[in-house]
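There are two complexes below, and they share chain A, which is joined by chain B in the first and by chain C in the second.
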Partner chain A sequence: MTRWIDNLAILLALLGLWYLAWWQAGDSAITPPVQTLKFALYLLGSADFWPHVWATVLAFLYALAISAVLGITLGLVLGLHRFSGEVFEPILASFYTIPKVTLYPLMLLIFGLGLSAKVAFGVIHGMIPVTLFTLAAVKNIPGVLTRTARALRLSPRQTALHVLMPAVLPEIISGLRIGFALTFLGVLIGEMFASQRGLGFLIINGINQHDVARTTAVIVIVVTAAVLANGALLRLDRHARHDV
Partner chain B sequence: MSTPTAHATLRGVTRIYPSLVHALGPVDLDLRQGEFFSVVGPSGCGKSTLLDVLAGLSAPTSGTIAFEGRPVNGVPDGVGVVFQEDSSFAWLNVQDNVAFGLRRAGMEAAEIKRRVEYALGFMGLRDFATAFPAQLSGGMRQRVCIARTLVMQPRLILLDEPFGALDQQTRLLMGDELLRLWRETGATVMLITHALDEAAMLSDRVGVMSSRPGCFIDLAVTDWPRARDSRIVSDPAFGLLTARLWSSLRAESMKAIGRVA
Partner chain C sequence: MRGVALTRLGVIAAFIALLEALCRFGIVKPLTLVAPSRMVGTLIDLIQAGDVGDDAARTAIEVAGAFVLAILLGVSIGAVIHAIPRLRRAVAPVLVSWYAVPSFVFYPLFIALLGLSEAPLIAIGAFSATPAMVVATISGLDRVPRVLRRVARVHRMGFWDTLRHITLPSALPSLFTGVKLAFAYAFIGVIAGEFILSGGGLGYAIAYAYESFETAKMYALMLLVLGVGVAVNAGLHTWEGRLLRRRQR
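Let's look at the complex of A and B:
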């Protein structure tokens, strides 16, 4: 119940800020809420819009799958192999903090324009948090849990399946949640730099053509989708932690 | 009266960690069939290390350990352990935690249900059967771990400071529960504790360990009747026993905190 009221308050505050921004910056930079929502609804109803949505969704799903599989695998390997974990973790962490924008020219040279570049942009943003969370989860498994498994005379397979996996799962889900958001961000950036299709392209194209109504509407659609997805994942995250 | 037989035997057992910390021994000890044995000793003296090697969780550096006549190599069937740290599984609710070992052992569902219900009742956890560990206090989580060990019906139960997180009153009452458990199951119990009164009240024998490397410097026999409970603390013999344990331990405890006795 109070959740509901909180969410409503946040929404109203955002709308207020939006009006304020419009009032300050004017029609040449941003359109006000009601007008934008109308235009967003128009876009959602138009046949020209949906191919861009599917282009983004497709690139995002590829990138997310690669981020998840590579990130979890690498995290497990580094976490279980103590020495390589100690060597690579700081490298990964520093890679995580460098601005990925410096890599864009390189990415364009390697992948050219199109789907593979968009996917690559998504992966370089999304994979590292998944790796780091998985690595930390494996390293931080309390020793007493594996000792308990041995005291209950579990086989190595039972230990992996019934103790180690559930112990690391909540952390991995948190990593995936953050990886999800950053992969999405990466794909949108990839579309801005390296594509003629997708929501990121629509935004950058709208900016170039001074189509303020379209740009604002697309941004609102993207943000709404991202917030909804993040909310759902957060709930999954909490559920996995039994933090009810 | 028959002479009590040894249930577990340690001979010349030492443990030196790879970091060259000499943590334990040499220790010679016979745990008698069905006795309640407590271990007290200054902190860091090697009590948990003793439990580890006796349970077969780690190999001694030297010496031999036998359980029911067979050398210990890995955790033997019939030994149950409750660790010093909280070892409840955060992803399982209380009843699934308690049923965990039985399920992995492939026991039939009806028997699991029967044993789990009994253990939940015994440990006062019935109202929390579907709660998750995060929703329980530290003391209750430790009870979940005891119940998880109990349902396996071990013949030798090793407990490492299971009531460390509890207040004094609750600790006395949990001690009574432990005595009841011991009487009902007929198991041999080794309890590690830092509370001298707890050791004196519960045990048939109390082993006092020196500071690290831990060796037994005193073995006190209590001669309590089997049907005892926490009211024994008002017995004059209880006071004498606690005083004896403390005089054995005082010098060692001072060494452990870096003072000369």
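Let's look at the complex of A and C:
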């Protein structure tokens, strides 16, 4: 019961901040909550809006699939081969901490305008955390697990399936959760510059045309979707950790 | 350990050499990518001509402001949250979903609130860097063993003495992780903000060079941004290593 009250209090506090921002900045920057929700519902009901959603979802799914496959593979390789892991980990870590938005002209010059540039932008943001988390998971597998597998004379396949996979899965899921968020961010940034479609395009277009109502509503939809997806993945994450 | 470091240098050198070769032999068009040697040359020219000074100074002020603000806010908010368990449970969902939200969507709002100057960019950087510091502070305070807290109470240590001799030593590793992340996020936030919406700073200069097809200048500036980012991160990393080693002695 107290939990519900607390959650409600946080929600009210956020809405209060929103009102405060509107009160300070005025209608030329942001629309107040009720009006925004009305416009968001109107957008969700209009036929013009959904093609943009699908454009973003499509680019995001491509980018996420590539980030996950490349990230996990690279993480496994670098985790298993300790020397390469030590050589490449700091390089990857420093790539993670640089502003990748500056690389956007490069991406555009290589991939041109459109879907592939958006996907590439999502991948350069999302792949690194997946790689780093997988690498750390493999590197930190307790020695006692591998020794037990050897003592029980498990075949390589059995070792991989019943010992190594359960040991690294929770970390990989954490990495995928962060990769998920950053891929989404990357795709949206990509859409802001490299596209005429998608939610990121709607945001930047709204900003340029001073269509405050539309921009605020799209931002609310994007933020809500991101928070909900993160919540679901967080649940999966905790579930995987408890299972092991 | 030396082998690892040498191999790492070798890998980086090989990568740069590959880029150089690709550009020199015309496999990659000069409009797409500029040879690394030319990037460095252009950068030196730009610096000597005094063309980057203003933008670099502006970015440096913004990043430094955001970084310091994030650390101050992060540590104080983290300490308050840690002290009140109910508050901690309540804000946990906000903290875990903070980085799931693409923060740049709030840029226009900051500009409307704070005007077109350095202030909104400092706010943007602090906005994305503070939660990392909050989380690091909370987990750092969690790491202070209860026994040590009791020791402090038994010895009737004052607030500052407890902080210096009990709290900080245990919380330091986690705090330092927070500091490193805070820098990275402040830097990313400021550059991205300048890139997307500002009228000055290195991020803006890169976007401007791109739009006016000054490819060589654009790459020189990108090199500068990436170089500064990597250098500061490496510096913080080394400092962290030294601090932690001194503690172990």
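Keep this in mind: the second predicted complex is superposed on the first by the 236 of 244 C-alpha atoms of A that agree within 3 Å, B and C clash if a C-alpha of one lies under 4 Å from a C-alpha of the other, contacts with A are read in each partner's own complex, and residues count from 1 in each chain.
The rule is short, and it goes like this: a residue touches a chain if its C-beta (ideal position, glycine included) is under 8 Å from a C-beta of that chain, and two chains touch if they have at least 3 such contacts.
Please read all numbers here as calculations on a predicted model, not as lab measurements.
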Inset, instruction - Could you tell me whether chain B and chain C fit or clash when both sit on chain A in the superposition? - result: fit
Legend entry - First (chain B), second (chain C), both or neither touched by A:88: second
Legend entry - Of chain B and chain C, the chain that contacts the larger number of chain A residues: C
Legend entry - Partner chain(s) touched by A:34 [first = chain B, second = chain C, both, neither]: neither
Inset, instruction - Check the residue A:15 against both partner chains and state whether it touches chain B (first), chain C (second), both, or neither. - result: neither
Inset, instruction - Quick one: the Cα-centre angle at chain A between chain B and chain C, nearest 10 degrees, please. - result: 90
Legend entry - Which of chain B and chain C A:147 touches, first, second, both or neither: first
Inset, instruction - Kindly classify A:7 by the partners it touches after superposition: chain B alone (first), chain C alone (second), both, or neither? - result: second
Inset, instruction - Examine A:181 and indicate which partner it touches, taking first as chain B and second as chain C; both and neither are also allowed. - result: second
Inset, instruction - Could you say whether A:226 touches chain B, chain C, both of them, or neither, answering first, second, both or neither? - result: second
Inset, instruction - Would you sort A:97 into first (chain B), second (chain C), both or neither based on which partner it touches? - result: second
Legend entry - Overlay on chain A, chain C to chain B nearest C-alpha distance, Å: 15
Legend entry - chain C contact footprint on chain A (complex, rising order): 2-3, 6-7, 9-10, 14, 21, 24-26, 28-30, 83, 86-88, 90-91, 94, 96-106, 109-110, 178, 180-181, 184-185, 188-189, 192, 203-204, 207, 215, 219, 222-223, 226-227, 229-231, 234
Inset, instruction - Give every residue of chain C touching chain A within the complex, in rising order. - result: 3-4, 7-8, 11-12, 31-33, 86, 89-91, 93-94, 96-97, 99-102, 104-106, 108-109, 111-113, 180, 183-184, 187-188, 191-192, 195-197, 203, 206, 210, 218, 221-222, 225-226, 229-230, 233-234
Legend entry - Residue ranges of chain A touching chain B (in the complex, touch as defined): 142, 144-145, 147-148, 150-154, 158, 162-163, 166-167, 169-170, 240-244
Legend entry - Residues on chain B engaged by chain A in the complex (per definition of touch): 55, 57, 74-75, 77, 79-81, 83, 85-87, 89-92, 100-101, 104-105, 132, 134, 149, 152
